[in-house]
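Presented sequentially are two complexes of subunit A, the first with subunit B as partner and the second with subunit C.
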Partner chain A sequence: MSATLPRTPRRIGAARRLEPYAYVAPTAALMIVLMLVPIAMVIGYSFLDNVILNKDPEVVGLDNYIEVITDPVFGTAIANTLVFVTASVAAHLLIGLAFAMMLNSRLLGPRVLAAFRGIFILPWLFTAAIVAVLWRMLLSPNGVVNYLLGALGFGDGTTEWLSDPGLALGSVTFINIWSGYPFFMISLLAGLQGIPADLYEAAKVDGAGPIQRFWNVTIPQLKPIIISMALLDFIWTSQQFALIWMTTGGGPIVATEMLSTYTYKLAFAKYEFALASTSAVLILLLSMVLAVLYVRHQRARD
Partner chain B sequence: MSRSTRGRRTALTAVGAMTAAAAVLMTAGCSADSGDADGDVTIEFAQWWEPELPEGALRSIMDDFEAANPGITVELISGPYASTKEQLFAGAASGTMPDVVGLDGAWVSDFAKQGAIADLTSLMNEQGMDDSKLASQIQIDGATYMIPVVNFVYPLFVNTDLLSEAGIDQVPSTRTEFETAAKAITDLGSGASGWVLPLSLEAPNGIQNDVMSWNWASGGSMLTDSGQPDVTNADVASTVEYVKSLWDDGVIAAGSFTMKEQDKVEEFTNGRVGMMIDSLSHINLIQENNPDLNFDIAAIPAEDGYDGSRGIPYASWGIGVADGSDHQAEALKLVEYLMSADVNSELSTIANAFPGNVDSTPEFGDGKELFEKAFEIYQSGYPANEFTGLPVSEELMRQFDTELQKYLSGDESVDEMLSTVQDSWTAEF
Partner chain C sequence: MTIQTSRRPGVSRGTRTNLARLALLLGLVAGATFAFAPVLWMLSSSFKPNTQIFEFPPRLVTEAFSFDAYARILTDPEKVRFFLNSYIVAGAVTLLTLLVAILAAYAFSRFEFPFKRPLNVVIVSVQAVPPITLLIPYFGLMVTLGLYNTYPGLILTYMVFTLPYAIIMMTGYFNTLPRELDEAVRVDGAGSWTALWRVLVPISVPGIVSVGVYTFMIAWNEYLFALTLTKTTDMRTVPIGIQLLMGQHSYEWNEMMAMSILGSIPVLVLFLFFQRFFIGGLASGAVKS
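For the complex of A and B:
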């Protein structure tokens, strides 16, 4: 007979209940230290007067929020970001879908398709710094783009694509579209390849033409991917900083000022870390709307 | 106890220990004391100079310092200018600045206010360092925070081939002569422009080097005697009006609003612009990239009829000591060493710069004719850079730059431009 006393059921029950928490503890600790603490600190900073530079900051309530929201440049930054993001996401989707359908075509041989797949995916392989340097050179007034346009008889070959306040926003949006469409293309191509062929065959038997098959088979089948990708791209593109900063620095004047460059300048040019935190909190709130939409969409799918 | 329960307990203990270790590692700063039991001290020296000097040059100076000061080891933390700047600002905010720091005059005011860099006046007094041979000291409220180690001047660079092709036989010395020469070069029809003006908002130092330099060259100022903003004065107005007249003449290379300093140098190196104002430190770069380019340097043109001494813009490799350093005495020894006559001469020679010690002289010789000429220009005028030591000076340049872009685009008048800048600068001060 064993001399060990059996443990009470209550203690065993408590240990069992705590066990799952212990397993998630490392991840939870990482999330708390790397995400929750910084977010809480930034939110806290947004209610203080100039933190970091000021050794004894005081609570100023909503003053920072009023200052940022009433700054006309902040309004311009919101408008520019909206134009930049909406145009980028729409173009990423259209170009990505067109190229994905081309790569999914049976009209071309496997080698040709492999070659095109390699070429189409190239822009996605470059980091933002390379993309910025590349397009700064291409779009320079003495660059290749102006030379080609001039040689073909379009314009006088002296267009200032990035330096003209009227063209700069369009130019950086174009660069962002160029560098981002392959991600859509790859995801949509995977989606296209997963559509059962019998759906198309059934549609054909029912007398559907190519356009009807596209609208009634392809698009409904890709819809979950399209919505997820569009929401994610919306969030990512609204955070685009490096490309804008390295091509135009938010200029000329404020033509390409985005929420990201606006916040960066507050923090690292003006050293107004409290105002920068305020701007960051406002961006967080705007991003959260999109994040909530994304999560709800994912939940609905599940 | 069953094997599975024991196993689960062990797993729980391990997980708990890992969590605790991770939390401790992540939350605790790694504050290692760089002194060891023998009394040997390692000091960190963060700067952007090493990549800009010939390979191994700065390390060799550090080796000499270590040989002369047994017990002190110098660890160089080197990176390009922009990343050094970001590192130092992050270090200043978190109180982890390296012991000795390379400084730009534009950062001094902010670091000093933050209490990130040490008051060198009292440190020099404590340690008995003689400062009588220092050519200049950057002070905030009467205390020195930065010592310029070497200075780079920004003269006018002229493409002599383009100039003579345009029928101009003399390097311009006045604003009218400059405008005439710039027009003549642009009118050649070769695609070359007369002048180049980088106004990128990402790096707005074009305001200091390429715009305000015209003001300083004619003895003008953008500050009051007490150091407050005074950009609405007649000298600054005449400077921006002059830049606008060059803009309207169409003699400025296209792409100004997003052009950076390196683009400017590239345009000049490739013979696409006739004249630029640039750092002397780029002479080697230009000669290496285009050995066939014939160019000369001169003082920046002054207003017609001005015969006073000409201010010439400069940038410094400055040095300072971290306020939080545990080894300030050793750090100051390194500063003293770099500022000593011989070492300063050596550093200024290899950097193509002018010394920060009044007794030092850079070596001239074959292939250094332009350098020698620049030294004459430097000595006949005075170093001028009113942005040095100003609060958030880069932001001041950016505000000026944004308004200048509006003025050049015709969106506002010169008076509107300057009064907007005056208001925004006053707010920053």
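For the complex of A and C:
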């Protein structure tokens, strides 16, 4: 990987040593001003008395942290986020794997499968704001979902999917599952296509049926992809804001309050910028733990 | 879907294959219904008058089928502005991200320099920084810099999120190209700048396109910062515009659906044209990265 050329004349050596810095300068400038500085700022805010609104904020130590951590809504937000993220990731994996395996079949022609692949990817191409309004229409009490369920004999056709406190969390999770599985599917499909055929042949010779081949060949071969995709999805889903904000806004009351909506409300509805910063720092710490796990896993794969 | 009958080894086996084929087809159709039915309903609703959105029983196509909702959006300057803003912001983010990422990726791929590793670690790890963490300082920062409620404010913000991925992908792409290519030009007396733009960039077009498409999609779809860092209606982007339709006195569902379709067209078109690059790039990123 060494780029030093023995032929390089000495006098242009100094200029060459500076060259890479010129190339990375715009990136470095942007990352310092809009990444490192803001992170330092938010950490600073979290130790201050209410910032932004207060002209001369005092240092209050860990008071903000104690206040956020002991806030029961914060606890609810953590629990909701965990349910939302865990169920989403698990369903993304199961649906993504099932669809990828169907698309990887050799029983149908490649054109037919390519057409289905295009349809399966569709939900992922709509942005969260659009997914949110679409499902608000579909899940409206007078909406088509209630009509279809009623026609099939389930429910009385007046279910309040997004405003019933007992159903809202399940509903937003379902919406997120619908919009997010294709990313898993694409990666798993690539993974399936990369499994050498002779592994299956060898398993067949050993007398393994389709189910045994799935558990003993497919799953172990896909395992590295599954773990990295699950970690990535966990990180992304835990940061989901637009979908929740535009379907339930975290409600009814706190039924779908997530860490992201909780923090946003603290800042832009209650103007408690110091507490919001504290919550934001806690989310950052959580993400960093997940990121370290992800990087470790990637290193182990290499 | 032709079924090959010529090389069928035995009746029972052939029947079994046909059954498997039928089961597979049923599975695929079920999956397609799950994925497509909501999209179909969005399309259908965008052609209905608002009064028929929740009619009972629901119909896919009604006698009142019309393009009115689309016409109303496309003739309302305030709503057209949402699209214009989204195109300006996403277009600028894409071009600037590619430019800055190509320069940085070139340094990472072809040079050894102190701080290379720490800088690389920063670029990889900032991808895990939650947007909500940056939101509060950004609000203050953008006001201080005079970039609140401006295009440059949004563009720079989006680049923080698009750049790391773009640099990682472009560095990977440059690493697959033999070093001899650009070194040859440089031995002939040309500088590294020439080597980059005359040799490396032209042969990296597939990689650049897939990174560009991905960047455009991220910028086009962004919601949280567009919501927080813009204020006036004339600076809002499409995702926020859809929300604004929801906030008005009554819900114009047909217009919201029409705007959703119009707002998805750029991404759908890009995806359709660059599907191969895109799926390939995405998959290889996920498999290798």
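To be clear about the criterion, the second predicted complex is superposed on the first by the 273 of 302 C-alpha atoms of A that agree within 3 Å, B and C clash if a C-alpha of one lies under 4 Å from a C-alpha of the other, contacts with A are read in each partner's own complex, and residues count from 1 in each chain.
Quick note on the criterion: a residue touches a chain if its C-beta (ideal position, glycine included) is under 8 Å from a C-beta of that chain, and two chains touch if they have at least 3 such contacts.
What you are looking at is a predicted structure, and each value in this text was computed from that prediction instead of being measured.
Student: Taking subunit A as the common reference, can subunit B and subunit C both be placed on it without clashing, or not? Answer clash or fit.
Tutor: Once subunit A is superposed (C-alpha atoms), there is a clash between subunit B and subunit C.
Student: Which of the two partners, first being subunit B and second being subunit C, lies in contact with A:Ser105: first, second, both, or neither?
Tutor: second
Student: Looking at A:Ala129, would you say it contacts subunit B, subunit C, both, or neither? Reply first, second, both or neither.
Tutor: second
Student: With both structures superposed, pick whichever of subunit B and subunit C touches the larger number of subunit A residues.
Tutor: Looking at subunit A, the partner in contact with more of its residues is C.
Student: Have a look at where A:Ile211 lands relative to subunit B and subunit C in the superposition and call it first, second, both or neither.
Tutor: After superposing on A, A:Ile211 lies clear of both subunit B and subunit C.
Student: Identify the partner contact of A:Ala276: answer first if only subunit B is touched, second if only subunit C is, both if each is, neither if none is.
Tutor: A:Ala276 sits against subunit C, while subunit B stays out of touch.
Student: Once the shared chain is lined up, is A:Met41 touching subunit B (first), subunit C (second), both, or neither of them?
Tutor: second
Student: If you stack the two complexes on chain A, which partner ends up touching A:Pro165: first (subunit B), second (subunit C), both, or neither?
Tutor: Only subunit B; A:Pro165 stays clear of subunit C.
Student: In the overlay, answer first, second, both or neither for which of subunit B and subunit C A:Lys265 touches.
Tutor: first
Student: Quick check for you: in the superposed arrangement, does A:Ala242 touch first (subunit B), second (subunit C), both or neither?
Tutor: After superposition on chain A, A:Ala242 lies in contact with subunit C alone.
Student: Touching A:Glu19, do we find subunit B (first), subunit C (second), both, or neither?
Tutor: It touches subunit B and subunit C both.
Student: Just one of 73-81, 145-153, 217-225 or 397-405 in subunit B hits subunit C in the overlay; which is it?
Tutor: The one stretch of subunit B in steric conflict with subunit C is 73-81.
Student: Of all the subunit A residues, which ones make contact with subunit B and with subunit C?
Tutor: On subunit A, the residues that contact subunit B in one structure and subunit C in the other are 4, 19, 23, 26, 30, 34, 52, 136, 140, 142, 245-246, 268, 273.
Student: Would you pull the subunit B residues touching subunit A in the complex into a rising list?
Tutor: 1, 8, 12, 15-16, 18-19, 22-23, 26-27, 86, 89, 93, 110, 113-115, 191, 199-203, 253-259, 263, 267, 272, 392, 394-395, 398, 401-402, 405-406, 409, 411, 428
Student: Which of the residues in subunit A come into contact with subunit B in the complex?
Tutor: Per the stated touch rule, the residues are 4, 19, 22-23, 25-26, 29-30, 33-34, 52-53, 55, 136, 140-142, 158, 160, 162-165, 168, 245-254, 265, 268-271, 273.
Student: Which stretch or stretches of subunit C touch subunit A in the complex?
Tutor: 1-2, 17, 20-21, 24-25, 27-28, 31-32, 34-36, 38-39, 41-42, 45, 53-54, 56-58, 100-101, 103-104, 106-108, 110-113, 116, 119, 122-141, 156-157, 159-160, 163, 167, 183, 187, 192, 220-221, 223-224, 228, 238-240, 242-243, 246, 253, 256-257, 260, 263-264, 267-268, 271, 275, 279, 282-284, 286-287, 289
Student: Using the touch rule from the top, collect the residues of subunit A that touch subunit C in their complex.
Tutor: It comes out as residues 1-5, 7, 16-17, 19-21, 23-24, 26-28, 30-31, 34-39, 41-42, 45, 52, 98-99, 102, 105, 107-109, 112, 116, 118-123, 125-130, 133-138, 140, 142-144, 147, 178, 182-183, 186-187, 189-191, 194, 225, 228-229, 235, 238-239, 241-242, 245-246, 259-260, 263-264, 267-268, 273, 276-277, 280-281, 283-284, 287-288, 290-291, 294-295, 298.
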